[in-house]
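Multiple structures are listed underneath, in structure tokens.
In the two complexes below, chain A is the common chain; its partner is chain B in one and chain C in the other.
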Partner chain A sequence: MTTSILTSTLQTIKTNWQTMSVRQRLLKEYRTLEHNNLDGINPILTENLHLLYADIKIFDNELYQDTYRVKIMIPEQYPYVSPVVIFMKSTEDNINTIPIHPHIYSNGHICLDLLGPAWTPIQTINSLLISLQSILASNSRNERPSDDEKYVAKAPKNPSKTRFVYHDETI
Partner chain B sequence: MLVDILEWNGVATWSWDVPSEEVCGICRVSFDATCSNCKIPGDQCPLVVGECTHRFHMHCIVKWLEIETSKNLCPMCRRSFKAVHGEKQLGGSQVLSYIESFNFEG
Partner chain C sequence: MNILGDLNNITDPLDFKDTKVPKLFEIDSLLRCHICKEFLSAPMLTNCGHTFCSVCIRKYLIHTPKCPICSKELRESNLCRNVLLEQTVLSYKNLRPDLLENLQIPKEIPQISNSESKEQDVEVIENIDDDDDVVIIEEPKKRKSEANNIGQLFKKQKEKQPGKDKSRCPICQKIFHRDILEQTTHIDTCSPKSEHDSSSLPNSSLSPSSPKKKQDLQTRSSTSNQNSPAPSSISFHFQPKEPTTDLKKLTKLDFSSLSNSALKQRLTKLELPVTGTRNQMEARYNEYLILWNANCDSINPKNPKILRKSLSQWENSLKFKNNSGDDKQLDKNSWNQLISQAKKSALKVKKDNKDEEDDEKNDTNVDLKGNDEVQETNDPDESFPELKTSSQEQFFNA
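What follows is the complex of A and B.
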């Protein structure tokens, strides 16, 4: 009896600490994001620590003339698990397109190994945004993934549930 | 000048043998502080150095290696993470017992 109370108390403390560590790291990251002023990347923080947006602009690539927005959801297990990132539209803010790219589905899901098996906890929201900007900047193929229609028809809401096959590392 | 020493206290400080500005790549907290789950630096929250020379708070790297997607790789260089043993391991207990041995009272 006493042991089980103790165990459950310890469990609560442990859980609190875990949440605390996500919080601590996120607050640090947000501070850096706000001060860093990355060229073409504009982070939009929300009251929810686990949700933010970022507007991304691409320079010197004719394919990407618009401003694109990503929604970034931070899981409780962050930074051990990657954030969930999708491109989205916002008529309100005049963001009307999901960028066309061989690894970006028309529903905004992104097939990027960094968002799955290649994620490691030394990555940051900052580094992720830079990677996203650079995969767009370096792309020259004006096309969607070949299985776009099929994928979008059946895609789960949360792309982290998808087991993407990372077929082409060169793009 | 003649002085009688009636009492003295020895004070020792310690820090990990790493550049003071270096932070743990996982929790982003200084090595001389604790990982973000601990309260007291030192013995209870030691550092671990990998054969690849990358170092982390023990608790941070253990948590990562326990996750399946880590595939036992170092978060920095993605080489298989093997902790270095022996002198280089920065054993926290040695440091603490060293401090205790200087614990003069009265």
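What follows is the complex of A and C.
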């Protein structure tokens, strides 16, 4: 009984164009990511289609000698809604630091307009990773955001719930 | 779940990267919508000159009245159909599988035996020398040992090529002595075997007799024979069908000034269900509005029944997501396939300390392996706890 109900629901999903289009777009993006093989960006897929990691290396900037890892979570409404991206640590792979940057909080949250109001569906995971790499590469200020402690103390787990104020256009 | 099939069905401009004409990559990506990355369906031109699928751009404009590419102000009323582009896309979509098939680089390079490769050498030399003289080719001393091969080759060549005093009838392609062609009335009486032969007439008369060309022509005519639907679709494109039925666009409703019963009336008029809460009915109307209006933009609109079907699928998916998560996970085989593809140059899949939940999930997976699919469908729900509790709820309540 239960099995038959579930299989019928599964069939509904299979033909659902909305979920399908998200998934198809993601699969295409992963293929492009793999094909482009960007310099210093190493995407790590998981078994979950809506979750991936990426290791980012920065060249030509003394501030960022390590490899940094971002976790990218893709909401159901993608691409109309931006992915959720945070920097993270990983003891297993010796990724111990969250890059020090005036727009990156010490809990890994990123204050970047591209992840908020500036996101448009024409952006891709590919373009997002390149942007992240470039905001690090172009930075020369070795500091955290001024309100770092205050923010980290009461930040929600999900940065998309934070309303960042994008006051600094220079970096 | 047959998701493997889905994986294969996914078309991507990258498909052309490994073909003989990788530049087709460009046109393949140009004919796609920036939002869904699929081929444009009912493309709409914005007043800033960009083009998107009707459904995609309408959905985007609900939240943000700007062009996704250039951020210029844009409203639904500014959108304009782009019929020629839609026809181009349709035609290209038709053509694409043929292109891919014909431009494929064979995976296994056919092993060329020694004698064959030598034959190729000789052919090249022969092309350079305009003289048909056999002796010249046989002159190089290195090739003496291969004299037999060369001899064989020229026997073949002689068979294929009409001699100096013979030539090919431009109409029936048969080889005759020149005198026959010039002095008798063969050409007057000769009739082509089929229309296709006569269509190839100008080419064959210009370049008498290279056997390869003849083959080409033959294959061409045979393929055009096989693809009998092609001409009909061409005529279709020249005379695009305008929607026969009067498809009037739906207008947005001001829900705040609309009573429950009035809303239900509207829905029944559109043959939509009137079940569910007020919010559900409003969402249903809005979704159908997009589907309907986008359908009106298409040059061959679908039957409203199909629209209603996809609307109900959309609703079901919402319910399903709210109740028990959805199929964010592909089945293991297809994922492994995708991952192994992706991993060729990348490192192994890594897990981080934050994802202890993932480990738990793996544990449950092991437990469930012996059981049937009922439980398998439960685990995607758990596999993505963070997003589900946060962004997902947020967006669906909105």
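The definition used in the following text is that the second predicted complex is superposed on the first by the 156 of 171 C-alpha atoms of A that agree within 3 Å, B and C clash if a C-alpha of one lies under 4 Å from a C-alpha of the other, contacts with A are read in each partner's own complex, and residues count from 1 in each chain.
Simple rule for what comes next: contacts are C-beta pairs under 8 Å (C-beta built on N, C-alpha and C of every residue); 3 or more make two chains touch, one makes a residue touch a chain.
Because the structure is predicted, anything quoted here is derived from the model rather than measured.
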Fit or clash between chain C and chain B when superposed on chain A
clash
Does chain B (first) or chain C (second) touch A:140, or do both, or does neither?
neither
According to the contact criterion defined above, which of chain B and chain C contacts more residues of chain A?
C
Applying the document's definition of touch, where does A:122 land relative to chain B and chain C: first, second, both, or neither?
both
Output check: A:81 vs chain B and chain C. Expected answer is one of first, second, both, neither. What do you get?
both
Answer with first, second, both or neither: which of chain B and chain C does A:21 touch in the superposed model?
both
Going by the contact rule set out at the top, does A:157 touch chain B (first), chain C (second), both, or neither?
second
Among 235-243, 271-279, 325-333 or 343-351, which stretch of chain C shows C-alpha clashes with chain B in the combined arrangement?
235-243
Could you list which residues of chain A make contact with chain B in one structure and with chain C in the other?
17-18, 20-21, 24-25, 28-29, 77, 79-81, 120-122
So, in the complex, the side of chain A touching chain C is made of residues 2-3, 6-7, 9-10, 12-21, 23-25, 27-32, 34-35, 37, 42-51, 53, 69, 71, 73-77, 79-81, 84, 88-93, 120-122, 156-158, 160-161
Residues of chain C defined as touching chain A within the complex
1-3, 6-7, 10, 12, 14, 17, 34-38, 56, 59-60, 63-64, 66, 68-69, 71, 310, 313-314, 316-317, 320-321, 326-330, 332, 335, 338-339, 341-347, 349-354, 372-374, 377, 380, 383-384, 386-387, 390-392, 394-396
Taking the complex as given, what residues does chain A use to touch chain B?
17-18, 20-21, 24-25, 28-29, 77, 79-81, 116-117, 119-122
Name, in rising order, each residue of chain B that touches chain A in their complex.
25-29, 35-37, 60, 63-64, 67, 69-70, 73, 75-76, 78
